Amino acid sequence: MNDKHIVETTFRARYAETDQQQIVHHASYVVWMEEGRSEFMRQSGADYADVERGGHYFAVTGIQVRYLTSAHYGERVTVRTWVEDLKSRLLTFGYEIVNADSGLLLVTGESEHVCITREGQVTRIPEQWRKLLGQ
Amino acid sequence: MNDKHIVETTFRARYAETDQQQIVHHASYVVWMEEGRSEFMRQSGADYADVERGGHYFAVTGIQVRYLTSAHYGERVTVRTWVEDLKSRLLTFGYEIVNADSGLLLVTGESEHVCITREGQVTRIPEQWRKLLGQ
Amino acid sequence: MNDKHIVETTFRARYAETDQQQIVHHASYVVWMEEGRSEFMRQSGADYADVERGGHYFAVTGIQVRYLTSAHYGERVTVRTWVEDLKSRLLTFGYEIVNADSGLLLVTGESEHVCITREGQVTRIPEQWRKLLGQ
Amino acid sequence: MNDKHIVETTFRARYAETDQQQIVHHASYVVWMEEGRSEFMRQSGADYADVERGGHYFAVTGIQVRYLTSAHYGERVTVRTWVEDLKSRLLTFGYEIVNADSGLLLVTGESEHVCITREGQVTRIPEQWRKLLGQ
(Lines give C-alpha, C1' and ligand atoms only; values in the text may rest on other atoms or scores of the structure.)
Protein backbone atom coordinates (compact mmCIF):
# COMPACT_ATOMS: atom_id res chain seq x y z
CA MET A 1 0.00 0.00 0.00
CA ASN A 2 2.94 2.32 0.63
CA ASP A 3 3.74 3.16 -2.97
CA LYS A 4 0.11 3.82 -3.87
CA HIS A 5 -1.45 7.21 -4.38
CA ILE A 6 -3.84 7.58 -1.44
CA VAL A 7 -6.65 10.12 -1.21
CA GLU A 8 -8.29 10.98 2.09
CA THR A 9 -11.67 12.40 2.93
CA THR A 10 -12.85 13.21 6.46
CA PHE A 11 -16.36 13.72 7.86
CA ARG A 12 -18.40 13.00 10.96
CA ALA A 13 -20.44 9.84 11.58
CA ARG A 14 -24.10 10.83 11.33
CA TYR A 15 -26.80 10.09 13.87
CA ALA A 16 -28.90 8.38 11.18
CA GLU A 17 -25.98 6.06 10.51
CA THR A 18 -26.08 4.54 13.99
CA ASP A 19 -28.18 1.53 14.95
CA GLN A 20 -29.61 0.24 18.20
CA GLN A 21 -26.27 -1.36 19.08
CA GLN A 22 -25.26 2.32 19.51
CA ILE A 23 -22.52 2.12 16.89
CA VAL A 24 -22.43 3.01 13.21
CA HIS A 25 -24.38 0.39 11.22
CA HIS A 26 -22.14 -1.85 9.10
CA ALA A 27 -23.84 -0.90 5.82
CA SER A 28 -22.88 2.75 6.39
CA TYR A 29 -19.21 1.95 5.82
CA VAL A 30 -20.12 0.68 2.34
CA VAL A 31 -21.50 4.14 1.60
CA TRP A 32 -18.38 5.74 3.12
CA MET A 33 -16.17 3.62 0.85
CA GLU A 34 -18.19 4.92 -2.09
CA GLU A 35 -17.59 8.48 -0.91
CA GLY A 36 -13.89 7.59 -0.60
CA ARG A 37 -13.67 6.58 -4.24
CA SER A 38 -15.81 9.59 -5.28
CA GLU A 39 -13.19 11.81 -3.66
CA PHE A 40 -10.32 9.78 -5.14
CA MET A 41 -11.75 10.22 -8.62
CA ARG A 42 -12.52 13.91 -8.09
CA GLN A 43 -8.95 14.62 -6.98
CA SER A 44 -7.53 12.52 -9.85
CA GLY A 45 -9.37 14.66 -12.40
CA ALA A 46 -11.66 11.76 -13.21
CA ASP A 47 -14.78 13.05 -11.44
CA TYR A 48 -17.28 10.18 -11.47
CA ALA A 49 -20.11 12.59 -12.33
CA ASP A 50 -18.19 13.31 -15.55
CA VAL A 51 -17.63 9.61 -16.23
CA GLU A 52 -21.39 9.06 -16.13
CA ARG A 53 -22.09 12.17 -18.18
CA GLY A 54 -19.76 10.64 -20.77
CA GLY A 55 -21.96 7.55 -20.91
CA HIS A 56 -19.91 5.15 -18.78
CA TYR A 57 -20.56 3.58 -15.39
CA PHE A 58 -18.23 1.78 -13.00
CA ALA A 59 -20.70 -0.86 -11.86
CA VAL A 60 -19.90 -2.50 -8.53
CA THR A 61 -19.32 -6.24 -9.01
CA GLY A 62 -18.03 -7.08 -5.56
CA ILE A 63 -17.25 -5.68 -2.15
CA GLN A 64 -15.41 -7.02 0.86
CA VAL A 65 -15.37 -5.31 4.22
CA ARG A 66 -13.58 -6.26 7.42
CA TYR A 67 -14.82 -4.57 10.61
CA LEU A 68 -12.21 -4.11 13.34
CA THR A 69 -13.50 -1.35 15.62
CA SER A 70 -16.75 0.60 15.67
CA ALA A 71 -17.33 4.25 14.86
CA HIS A 72 -19.82 6.21 16.96
CA TYR A 73 -22.12 9.19 16.36
CA GLY A 74 -20.28 12.47 15.98
CA GLU A 75 -16.81 10.96 15.64
CA ARG A 76 -14.67 12.25 12.80
CA VAL A 77 -13.66 9.47 10.44
CA THR A 78 -11.18 9.49 7.56
CA VAL A 79 -11.60 7.27 4.51
CA ARG A 80 -8.31 6.47 2.73
CA THR A 81 -8.77 5.27 -0.82
CA TRP A 82 -6.35 3.95 -3.43
CA VAL A 83 -6.44 2.02 -6.70
CA GLU A 84 -5.57 -1.56 -5.80
CA ASP A 85 -5.68 -2.87 -9.35
CA LEU A 86 -6.47 -1.45 -12.78
CA LYS A 87 -7.01 -3.65 -15.82
CA SER A 88 -8.54 -2.83 -19.17
CA ARG A 89 -12.06 -3.68 -17.96
CA LEU A 90 -11.66 -4.11 -14.21
CA LEU A 91 -10.95 -1.59 -11.48
CA THR A 92 -10.32 -2.43 -7.82
CA PHE A 93 -10.24 0.15 -5.04
CA GLY A 94 -8.75 -0.44 -1.60
CA TYR A 95 -9.90 1.37 1.55
CA GLU A 96 -8.96 1.99 5.12
CA ILE A 97 -11.31 3.85 7.42
CA VAL A 98 -9.80 5.29 10.58
CA ASN A 99 -10.93 7.44 13.47
CA ALA A 100 -9.60 10.83 12.36
CA ASP A 101 -8.65 11.89 15.87
CA SER A 102 -7.15 8.76 17.40
CA GLY A 103 -5.95 7.19 14.16
CA LEU A 104 -7.53 3.90 15.26
CA LEU A 105 -8.20 1.58 12.31
CA LEU A 106 -11.94 0.87 12.07
CA VAL A 107 -12.49 -0.88 8.76
CA THR A 108 -10.58 -2.21 5.76
CA GLY A 109 -12.28 -2.91 2.47
CA GLU A 110 -12.12 -3.47 -1.24
CA SER A 111 -14.52 -2.90 -4.11
CA GLU A 112 -14.41 -4.27 -7.64
CA HIS A 113 -15.91 -2.50 -10.62
CA VAL A 114 -16.40 -3.18 -14.31
CA CYS A 115 -16.91 -0.45 -16.84
CA ILE A 116 -20.28 -0.59 -18.57
CA THR A 117 -22.07 1.54 -21.13
CA ARG A 118 -25.45 3.17 -20.69
CA GLU A 119 -26.93 0.06 -22.31
CA GLY A 120 -25.34 -2.18 -19.67
CA GLN A 121 -22.66 -3.63 -21.99
CA VAL A 122 -19.28 -4.38 -20.36
CA THR A 123 -16.60 -2.32 -22.10
CA ARG A 124 -12.98 -1.23 -21.76
CA ILE A 125 -12.35 1.62 -19.35
CA PRO A 126 -11.93 4.65 -21.64
CA GLU A 127 -8.24 5.55 -21.98
CA GLN A 128 -8.90 9.06 -20.66
CA TRP A 129 -10.08 7.74 -17.27
CA ARG A 130 -7.58 4.86 -17.13
CA LYS A 131 -4.69 7.29 -17.35
CA LEU A 132 -6.02 9.54 -14.64
CA LEU A 133 -6.85 6.66 -12.30
CA GLY A 134 -3.56 4.88 -12.93
CA GLN A 135 -1.32 7.76 -11.91
CA MET B 1 -60.74 9.83 6.01
CA ASN B 2 -63.63 7.37 6.25
CA ASP B 3 -64.92 7.71 2.72
CA LYS B 4 -61.46 7.46 1.18
CA HIS B 5 -60.06 4.44 -0.59
CA ILE B 6 -57.29 3.23 1.74
CA VAL B 7 -54.53 0.81 0.76
CA GLU B 8 -52.45 -1.00 3.36
CA THR B 9 -49.03 -2.54 3.23
CA THR B 10 -47.38 -4.38 6.12
CA PHE B 11 -43.73 -5.22 6.78
CA ARG B 12 -41.25 -5.48 9.63
CA ALA B 13 -39.06 -2.61 10.92
CA ARG B 14 -35.50 -3.40 9.85
CA TYR B 15 -32.45 -3.42 12.10
CA ALA B 16 -30.71 -0.92 9.80
CA GLU B 17 -33.66 1.44 10.31
CA THR B 18 -33.04 1.78 14.04
CA ASP B 19 -30.74 4.39 15.59
CA GLN B 20 -28.85 4.63 18.84
CA GLN B 21 -31.98 5.78 20.64
CA GLN B 22 -33.02 2.13 20.04
CA ILE B 23 -36.08 3.09 18.04
CA VAL B 24 -36.72 3.40 14.31
CA HIS B 25 -35.01 6.55 13.00
CA HIS B 26 -37.47 9.30 12.03
CA ALA B 27 -36.28 9.45 8.39
CA SER B 28 -37.22 5.78 7.91
CA TYR B 29 -40.91 6.65 8.16
CA VAL B 30 -40.50 8.97 5.16
CA VAL B 31 -39.30 5.94 3.18
CA TRP B 32 -42.21 3.89 4.56
CA MET B 33 -44.67 6.57 3.39
CA GLU B 34 -43.12 6.30 -0.06
CA GLU B 35 -43.62 2.53 0.02
CA GLY B 36 -47.20 3.18 1.11
CA ARG B 37 -47.93 5.29 -1.96
CA SER B 38 -46.03 2.81 -4.17
CA GLU B 39 -48.43 0.13 -2.98
CA PHE B 40 -51.44 2.45 -3.33
CA MET B 41 -50.54 3.16 -6.95
CA ARG B 42 -49.80 -0.48 -7.71
CA GLN B 43 -53.18 -1.57 -6.39
CA SER B 44 -54.93 1.27 -8.23
CA GLY B 45 -53.51 0.08 -11.53
CA ALA B 46 -51.30 3.16 -11.73
CA ASP B 47 -47.99 1.46 -10.89
CA TYR B 48 -45.47 4.24 -10.39
CA ALA B 49 -42.83 2.28 -12.34
CA ASP B 50 -45.22 2.57 -15.33
CA VAL B 51 -45.79 6.28 -14.70
CA GLU B 52 -42.03 6.86 -14.98
CA ARG B 53 -41.72 4.57 -17.99
CA GLY B 54 -44.36 6.78 -19.61
CA GLY B 55 -42.13 9.81 -19.08
CA HIS B 56 -43.80 11.38 -16.04
CA TYR B 57 -42.63 11.81 -12.46
CA PHE B 58 -44.56 12.72 -9.33
CA ALA B 59 -41.89 14.92 -7.78
CA VAL B 60 -42.17 15.40 -4.02
CA THR B 61 -42.74 19.08 -3.22
CA GLY B 62 -43.47 18.76 0.48
CA ILE B 63 -43.82 16.35 3.36
CA GLN B 64 -45.19 16.62 6.85
CA VAL B 65 -44.79 13.94 9.48
CA ARG B 66 -46.09 13.80 13.04
CA TYR B 67 -44.44 11.23 15.32
CA LEU B 68 -46.65 9.87 18.11
CA THR B 69 -45.12 6.57 19.21
CA SER B 70 -41.93 4.78 18.18
CA ALA B 71 -41.56 1.58 16.19
CA HIS B 72 -38.84 -0.89 17.20
CA TYR B 73 -36.73 -3.46 15.39
CA GLY B 74 -38.67 -6.50 14.25
CA GLU B 75 -42.12 -5.04 14.90
CA ARG B 76 -44.66 -5.42 12.12
CA VAL B 77 -45.94 -2.06 10.92
CA THR B 78 -48.80 -1.23 8.56
CA VAL B 79 -48.76 1.84 6.33
CA ARG B 80 -52.25 3.07 5.38
CA THR B 81 -52.26 5.35 2.35
CA TRP B 82 -54.99 7.36 0.65
CA VAL B 83 -55.34 10.22 -1.81
CA GLU B 84 -55.99 13.30 0.28
CA ASP B 85 -56.36 15.67 -2.67
CA LEU B 86 -56.10 15.41 -6.44
CA LYS B 87 -55.95 18.47 -8.68
CA SER B 88 -54.90 18.79 -12.30
CA ARG B 89 -51.27 19.29 -11.39
CA LEU B 90 -51.10 18.52 -7.69
CA LEU B 91 -51.48 15.25 -5.81
CA THR B 92 -51.55 14.88 -2.02
CA PHE B 93 -51.31 11.57 -0.22
CA GLY B 94 -52.26 11.01 3.42
CA TYR B 95 -50.73 8.34 5.64
CA GLU B 96 -51.16 6.59 8.94
CA ILE B 97 -48.54 4.16 10.18
CA VAL B 98 -49.63 1.77 12.92
CA ASN B 99 -48.15 -1.16 14.80
CA ALA B 100 -49.70 -4.05 12.87
CA ASP B 101 -50.19 -6.19 15.97
CA SER B 102 -51.36 -3.71 18.60
CA GLY B 103 -52.99 -1.25 16.21
CA LEU B 104 -51.20 1.56 18.06
CA LEU B 105 -50.89 4.71 15.92
CA LEU B 106 -47.20 5.55 15.40
CA VAL B 107 -47.10 8.25 12.76
CA THR B 108 -49.37 10.40 10.62
CA GLY B 109 -48.15 12.13 7.51
CA GLU B 110 -48.81 13.85 4.24
CA SER B 111 -46.86 14.26 1.02
CA GLU B 112 -47.44 16.67 -1.84
CA HIS B 113 -46.43 15.97 -5.42
CA VAL B 114 -46.45 17.77 -8.73
CA CYS B 115 -46.36 16.00 -12.03
CA ILE B 116 -43.28 16.77 -14.10
CA THR B 117 -41.92 15.59 -17.42
CA ARG B 118 -38.54 13.97 -18.00
CA GLU B 119 -37.24 17.48 -18.76
CA GLY B 120 -38.39 18.74 -15.36
CA GLN B 121 -41.34 20.77 -16.67
CA VAL B 122 -44.42 20.89 -14.45
CA THR B 123 -47.36 19.44 -16.35
CA ARG B 124 -50.93 18.21 -15.88
CA ILE B 125 -51.29 14.72 -14.39
CA PRO B 126 -52.09 12.55 -17.44
CA GLU B 127 -55.81 11.72 -17.52
CA GLN B 128 -55.04 7.99 -17.47
CA TRP B 129 -53.36 8.20 -14.05
CA ARG B 130 -55.73 10.84 -12.66
CA LYS B 131 -58.70 8.55 -13.22
CA LEU B 132 -57.04 5.57 -11.57
CA LEU B 133 -55.83 7.60 -8.59
CA GLY B 134 -59.15 9.40 -8.16
CA GLN B 135 -61.29 6.28 -7.79
CA MET C 1 -34.76 34.71 10.54
CA ASN C 2 -32.33 37.63 10.41
CA ASP C 3 -31.83 38.06 14.13
CA LYS C 4 -31.32 34.35 14.73
CA HIS C 5 -28.00 32.69 15.38
CA ILE C 6 -27.44 30.53 12.29
CA VAL C 7 -24.95 27.68 12.03
CA GLU C 8 -23.84 26.31 8.68
CA THR C 9 -22.41 22.97 7.68
CA THR C 10 -21.32 22.08 4.15
CA PHE C 11 -20.76 18.69 2.49
CA ARG C 12 -21.25 16.94 -0.82
CA ALA C 13 -24.37 15.04 -1.89
CA ARG C 14 -23.49 11.34 -1.87
CA TYR C 15 -24.06 8.90 -4.69
CA ALA C 16 -26.02 6.61 -2.35
CA GLU C 17 -28.35 9.54 -1.62
CA THR C 18 -29.55 9.77 -5.23
CA ASP C 19 -32.50 7.84 -6.60
CA GLN C 20 -33.54 6.73 -10.07
CA GLN C 21 -34.99 10.17 -10.79
CA GLN C 22 -31.27 11.13 -10.80
CA ILE C 23 -31.64 13.63 -8.00
CA VAL C 24 -31.08 13.39 -4.26
CA HIS C 25 -33.89 11.35 -2.68
CA HIS C 26 -36.27 13.45 -0.58
CA ALA C 27 -35.63 11.46 2.62
CA SER C 28 -31.91 12.36 2.46
CA TYR C 29 -32.71 15.99 3.27
CA VAL C 30 -34.29 14.83 6.53
CA VAL C 31 -30.94 13.29 7.44
CA TRP C 32 -29.17 16.47 6.34
CA MET C 33 -31.44 18.54 8.61
CA GLU C 34 -30.43 16.26 11.47
CA GLU C 35 -26.76 16.85 10.65
CA GLY C 36 -27.55 20.57 10.58
CA ARG C 37 -28.87 20.52 14.13
CA SER C 38 -26.00 18.23 15.23
CA GLU C 39 -23.61 20.91 14.03
CA PHE C 40 -25.70 23.69 15.58
CA MET C 41 -25.59 21.97 18.96
CA ARG C 42 -21.89 21.16 18.69
CA GLN C 43 -21.03 24.80 17.95
CA SER C 44 -23.33 26.02 20.73
CA GLY C 45 -21.46 23.91 23.27
CA ALA C 46 -24.47 21.63 23.65
CA ASP C 47 -23.09 18.63 21.73
CA TYR C 48 -25.99 16.22 21.31
CA ALA C 49 -23.72 13.26 22.11
CA ASP C 50 -23.24 14.90 25.55
CA VAL C 51 -26.99 15.50 25.94
CA GLU C 52 -27.59 11.76 25.47
CA ARG C 53 -24.69 10.82 27.73
CA GLY C 54 -26.40 12.99 30.36
CA GLY C 55 -29.52 10.85 30.06
CA HIS C 56 -31.71 13.12 27.90
CA TYR C 57 -32.97 12.80 24.35
CA PHE C 58 -34.51 15.37 22.04
CA ALA C 59 -37.08 13.07 20.45
CA VAL C 60 -38.41 14.20 17.08
CA THR C 61 -42.15 14.85 17.29
CA GLY C 62 -42.67 16.42 13.89
CA ILE C 63 -40.97 17.48 10.68
CA GLN C 64 -42.00 19.59 7.77
CA VAL C 65 -40.00 19.87 4.57
CA ARG C 66 -40.63 21.96 1.47
CA TYR C 67 -38.70 20.94 -1.67
CA LEU C 68 -37.95 23.75 -4.12
CA THR C 69 -35.02 22.58 -6.26
CA SER C 70 -33.15 19.30 -6.42
CA ALA C 71 -29.59 18.56 -5.34
CA HIS C 72 -27.50 16.22 -7.48
CA TYR C 73 -24.63 13.80 -6.83
CA GLY C 74 -21.36 15.50 -6.01
CA GLU C 75 -22.84 18.97 -5.50
CA ARG C 76 -21.77 20.83 -2.39
CA VAL C 77 -24.70 21.72 -0.19
CA THR C 78 -24.90 23.93 2.88
CA VAL C 79 -27.39 23.31 5.68
CA ARG C 80 -28.27 26.46 7.66
CA THR C 81 -29.79 25.73 11.05
CA TRP C 82 -31.27 27.94 13.74
CA VAL C 83 -33.49 27.64 16.81
CA GLU C 84 -36.95 28.69 15.70
CA ASP C 85 -38.56 28.31 19.09
CA LEU C 86 -37.47 27.20 22.55
CA LYS C 87 -39.93 26.47 25.33
CA SER C 88 -39.45 24.62 28.59
CA ARG C 89 -40.27 21.26 27.01
CA LEU C 90 -40.35 21.98 23.29
CA LEU C 91 -37.58 22.86 20.86
CA THR C 92 -38.09 23.81 17.21
CA PHE C 93 -35.28 24.06 14.69
CA GLY C 94 -35.55 25.83 11.34
CA TYR C 95 -33.50 24.90 8.27
CA GLU C 96 -32.53 26.13 4.85
CA ILE C 97 -30.52 23.93 2.52
CA VAL C 98 -28.79 25.68 -0.37
CA ASN C 99 -26.42 24.73 -3.15
CA ALA C 100 -23.11 25.87 -1.64
CA ASP C 101 -21.72 27.10 -4.95
CA SER C 102 -24.69 28.80 -6.61
CA GLY C 103 -26.52 29.75 -3.42
CA LEU C 104 -29.72 28.37 -4.92
CA LEU C 105 -32.30 27.51 -2.25
CA LEU C 106 -33.11 23.79 -2.41
CA VAL C 107 -35.15 23.02 0.68
CA THR C 108 -36.68 24.68 3.72
CA GLY C 109 -37.69 22.72 6.78
CA GLU C 110 -38.59 22.59 10.42
CA SER C 111 -38.31 19.94 13.11
CA GLU C 112 -39.98 19.79 16.52
CA HIS C 113 -38.52 18.01 19.50
CA VAL C 114 -39.53 17.23 23.05
CA CYS C 115 -37.05 16.43 25.76
CA ILE C 116 -37.41 12.94 27.18
CA THR C 117 -35.54 10.88 29.76
CA ARG C 118 -33.95 7.49 29.17
CA GLU C 119 -37.22 5.96 30.38
CA GLY C 120 -39.19 7.84 27.71
CA GLN C 121 -40.77 10.35 30.11
CA VAL C 122 -41.32 13.88 28.72
CA THR C 123 -39.38 16.33 30.86
CA ARG C 124 -38.19 19.95 30.94
CA ILE C 125 -35.13 20.70 28.83
CA PRO C 126 -32.30 20.85 31.40
CA GLU C 127 -31.36 24.48 32.13
CA GLN C 128 -27.74 23.82 31.05
CA TRP C 129 -28.78 22.96 27.47
CA ARG C 130 -31.61 25.53 27.31
CA LYS C 131 -29.15 28.35 27.98
CA LEU C 132 -26.69 27.19 25.37
CA LEU C 133 -29.38 26.64 22.73
CA GLY C 134 -31.13 29.93 23.49
CA GLN C 135 -28.12 32.15 22.92
CA MET D 1 -25.69 -25.54 0.05
CA ASN D 2 -28.16 -28.35 -0.60
CA ASP D 3 -28.14 -29.93 2.84
CA LYS D 4 -28.45 -26.63 4.65
CA HIS D 5 -31.59 -25.30 6.25
CA ILE D 6 -32.53 -22.31 4.10
CA VAL D 7 -34.97 -19.59 5.11
CA GLU D 8 -36.51 -17.25 2.55
CA THR D 9 -37.99 -13.80 2.86
CA THR D 10 -39.54 -11.87 -0.02
CA PHE D 11 -40.24 -8.16 -0.44
CA ARG D 12 -40.19 -5.43 -3.08
CA ALA D 13 -37.20 -3.23 -3.91
CA ARG D 14 -38.01 0.25 -2.60
CA TYR D 15 -37.77 3.47 -4.57
CA ALA D 16 -35.45 4.96 -1.94
CA GLU D 17 -33.11 2.00 -2.49
CA THR D 18 -32.43 2.93 -6.11
CA ASP D 19 -29.65 5.27 -7.23
CA GLN D 20 -29.10 7.43 -10.27
CA GLN D 21 -27.85 4.44 -12.24
CA GLN D 22 -31.56 3.45 -12.03
CA ILE D 23 -30.84 0.20 -10.23
CA VAL D 24 -30.87 -0.75 -6.56
CA HIS D 25 -27.81 0.75 -4.85
CA HIS D 26 -25.21 -1.86 -3.86
CA ALA D 27 -25.34 -0.99 -0.14
CA SER D 28 -29.06 -1.87 -0.06
CA TYR D 29 -28.24 -5.57 -0.55
CA VAL D 30 -26.19 -5.44 2.66
CA VAL D 31 -29.35 -4.34 4.47
CA TRP D 32 -31.33 -7.07 2.69
CA MET D 33 -28.82 -9.70 3.84
CA GLU D 34 -29.35 -8.44 7.38
CA GLU D 35 -33.11 -8.84 6.94
CA GLY D 36 -32.42 -12.34 5.60
CA ARG D 37 -30.61 -13.36 8.77
CA SER D 38 -33.24 -11.60 10.91
CA GLU D 39 -35.85 -13.82 9.30
CA PHE D 40 -33.63 -16.90 9.58
CA MET D 41 -33.21 -16.33 13.30
CA ARG D 42 -36.90 -15.55 13.83
CA GLN D 43 -37.95 -18.78 12.11
CA SER D 44 -35.31 -20.77 14.03
CA GLY D 45 -36.75 -19.61 17.32
CA ALA D 46 -33.66 -17.50 17.97
CA ASP D 47 -35.22 -14.09 17.30
CA TYR D 48 -32.35 -11.60 17.26
CA ALA D 49 -34.41 -9.10 19.27
CA ASP D 50 -34.44 -11.73 22.04
CA VAL D 51 -30.69 -12.35 21.70
CA GLU D 52 -30.07 -8.65 22.34
CA ARG D 53 -32.61 -8.52 25.18
CA GLY D 54 -30.61 -11.37 26.73
CA GLY D 55 -27.50 -9.18 26.66
CA HIS D 56 -25.70 -10.62 23.63
CA TYR D 57 -24.94 -9.17 20.21
CA PHE D 58 -23.81 -10.84 17.00
CA ALA D 59 -21.43 -8.10 15.88
CA VAL D 60 -20.61 -8.08 12.16
CA THR D 61 -16.88 -8.68 11.64
CA GLY D 62 -16.89 -9.11 7.89
CA ILE D 63 -19.06 -9.12 4.79
CA GLN D 64 -18.49 -10.19 1.23
CA VAL D 65 -20.94 -9.50 -1.58
CA ARG D 66 -20.80 -10.48 -5.22
CA TYR D 67 -23.14 -8.59 -7.58
CA LEU D 68 -24.29 -10.50 -10.66
CA THR D 69 -27.45 -8.78 -11.89
CA SER D 70 -29.26 -5.65 -10.74
CA ALA D 71 -32.59 -5.37 -9.01
CA HIS D 72 -34.92 -2.51 -9.98
CA TYR D 73 -37.60 -0.48 -8.20
CA GLY D 74 -40.77 -2.43 -7.51
CA GLU D 75 -39.32 -5.86 -8.33
CA ARG D 76 -39.99 -8.62 -5.83
CA VAL D 77 -36.79 -10.09 -4.47
CA THR D 78 -36.21 -13.15 -2.30
CA VAL D 79 -33.35 -13.39 0.18
CA ARG D 80 -32.27 -16.98 0.92
CA THR D 81 -30.27 -17.32 4.11
CA TRP D 82 -28.48 -20.24 5.73
CA VAL D 83 -25.83 -20.86 8.40
CA GLU D 84 -22.61 -21.42 6.53
CA ASP D 85 -20.51 -22.10 9.62
CA LEU D 86 -21.08 -22.16 13.36
CA LYS D 87 -18.24 -22.30 15.85
CA SER D 88 -18.22 -21.58 19.57
CA ARG D 89 -17.55 -17.88 19.03
CA LEU D 90 -18.01 -17.37 15.30
CA LEU D 91 -21.11 -17.50 13.12
CA THR D 92 -21.14 -17.24 9.32
CA PHE D 93 -24.28 -16.74 7.27
CA GLY D 94 -24.53 -17.38 3.53
CA TYR D 95 -26.98 -15.59 1.23
CA GLU D 96 -28.44 -15.69 -2.23
CA ILE D 97 -30.70 -12.92 -3.44
CA VAL D 98 -32.87 -13.70 -6.45
CA ASN D 99 -35.59 -11.99 -8.43
CA ALA D 100 -38.66 -13.61 -6.89
CA ASP D 101 -40.52 -13.76 -10.19
CA SER D 102 -37.87 -14.78 -12.71
CA GLY D 103 -35.66 -16.68 -10.27
CA LEU D 104 -32.65 -14.80 -11.69
CA LEU D 105 -29.69 -14.78 -9.28
CA LEU D 106 -28.85 -11.18 -8.37
CA VAL D 107 -26.37 -11.36 -5.52
CA THR D 108 -24.45 -13.87 -3.41
CA GLY D 109 -22.96 -12.95 -0.07
CA GLU D 110 -21.57 -13.95 3.27
CA SER D 111 -21.41 -12.30 6.66
CA GLU D 112 -19.27 -13.19 9.67
CA HIS D 113 -20.24 -12.46 13.24
CA VAL D 114 -18.75 -12.81 16.67
CA CYS D 115 -20.80 -12.97 19.82
CA ILE D 116 -20.16 -10.08 22.19
CA THR D 117 -21.59 -9.00 25.52
CA ARG D 118 -23.17 -5.64 26.26
CA GLU D 119 -19.72 -4.50 27.42
CA GLY D 120 -18.19 -5.39 24.04
CA GLN D 121 -16.34 -8.50 25.28
CA VAL D 122 -16.10 -11.39 22.79
CA THR D 123 -17.78 -14.44 24.30
CA ARG D 124 -19.04 -17.92 23.41
CA ILE D 125 -22.38 -18.03 21.62
CA PRO D 126 -24.82 -19.04 24.38
CA GLU D 127 -25.73 -22.73 24.07
CA GLN D 128 -29.43 -21.85 23.78
CA TRP D 129 -28.88 -19.89 20.54
CA ARG D 130 -26.19 -22.22 19.16
CA LYS D 131 -28.58 -25.15 19.26
CA LEU D 132 -31.36 -23.27 17.52
CA LEU D 133 -29.05 -21.86 14.84
CA GLY D 134 -27.29 -25.17 14.27
CA GLN D 135 -30.40 -27.16 13.45
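Order of writing sets the labels: A, B, C and D. Residues in every chain begin at 1.
Just so it is clear, a contact is a pair of C-beta atoms (placed from the backbone, for glycine too) under 8 Å apart; a residue touches a chain by one contact, two chains touch by 3 or more.
Just so you know, these numbers come straight off a predicted model, no measurement behind them.
K.L.:
Name whichever of A-D and A-B has more C-beta pairs touching across its two chains.
P.N.:
Counting C-beta pairs in contact, A-D comes out ahead.
K.L.:
Among all chains, whose Cα centre is located farthest from the one for subunit A?
P.N.:
Most remote chain from subunit A, centroid-wise, comes out as B.
K.L.:
Centroid from C-alpha atoms only, then distance subunit B to subunit D, rounded to Å. What do you get?
P.N.:
Once rounded, the distance between the two centres reads 27 Å.
K.L.:
Please tell me the distance, in whole Å, between the geometric centres of subunit A and subunit D computed from their C-alpha atoms.
P.N.:
Chain centres of subunit A and subunit D, defined by C-alpha means, are spaced 23 Å apart.
K.L.:
Using CA atom averages as chain centres, what separation in Å is found between subunit A and subunit B?
P.N.:
33
K.L.:
Which residues belonging to subunit B are in contact with no fewer than two other chains?
P.N.:
15-16, 20, 27, 31, 34, 73
K.L.:
Give every residue of subunit D touching subunit C within the complex, in rising order.
P.N.:
For subunit D paired with subunit C, touching residues are 15-16, 18-20, 22-23, 25, 27, 73.
K.L.:
In the complex of these two chains, what residues of subunit C are touching subunit B?
P.N.:
Interface residues on the subunit C side: 20-21, 26-27, 30-31, 34, 52, 57, 59-67.
K.L.:
Where on subunit D does subunit B make contact in their complex?
P.N.:
Listed in rising order, the residues are 11-12, 14-16, 31, 34-35, 38, 42, 47-49, 72-74.
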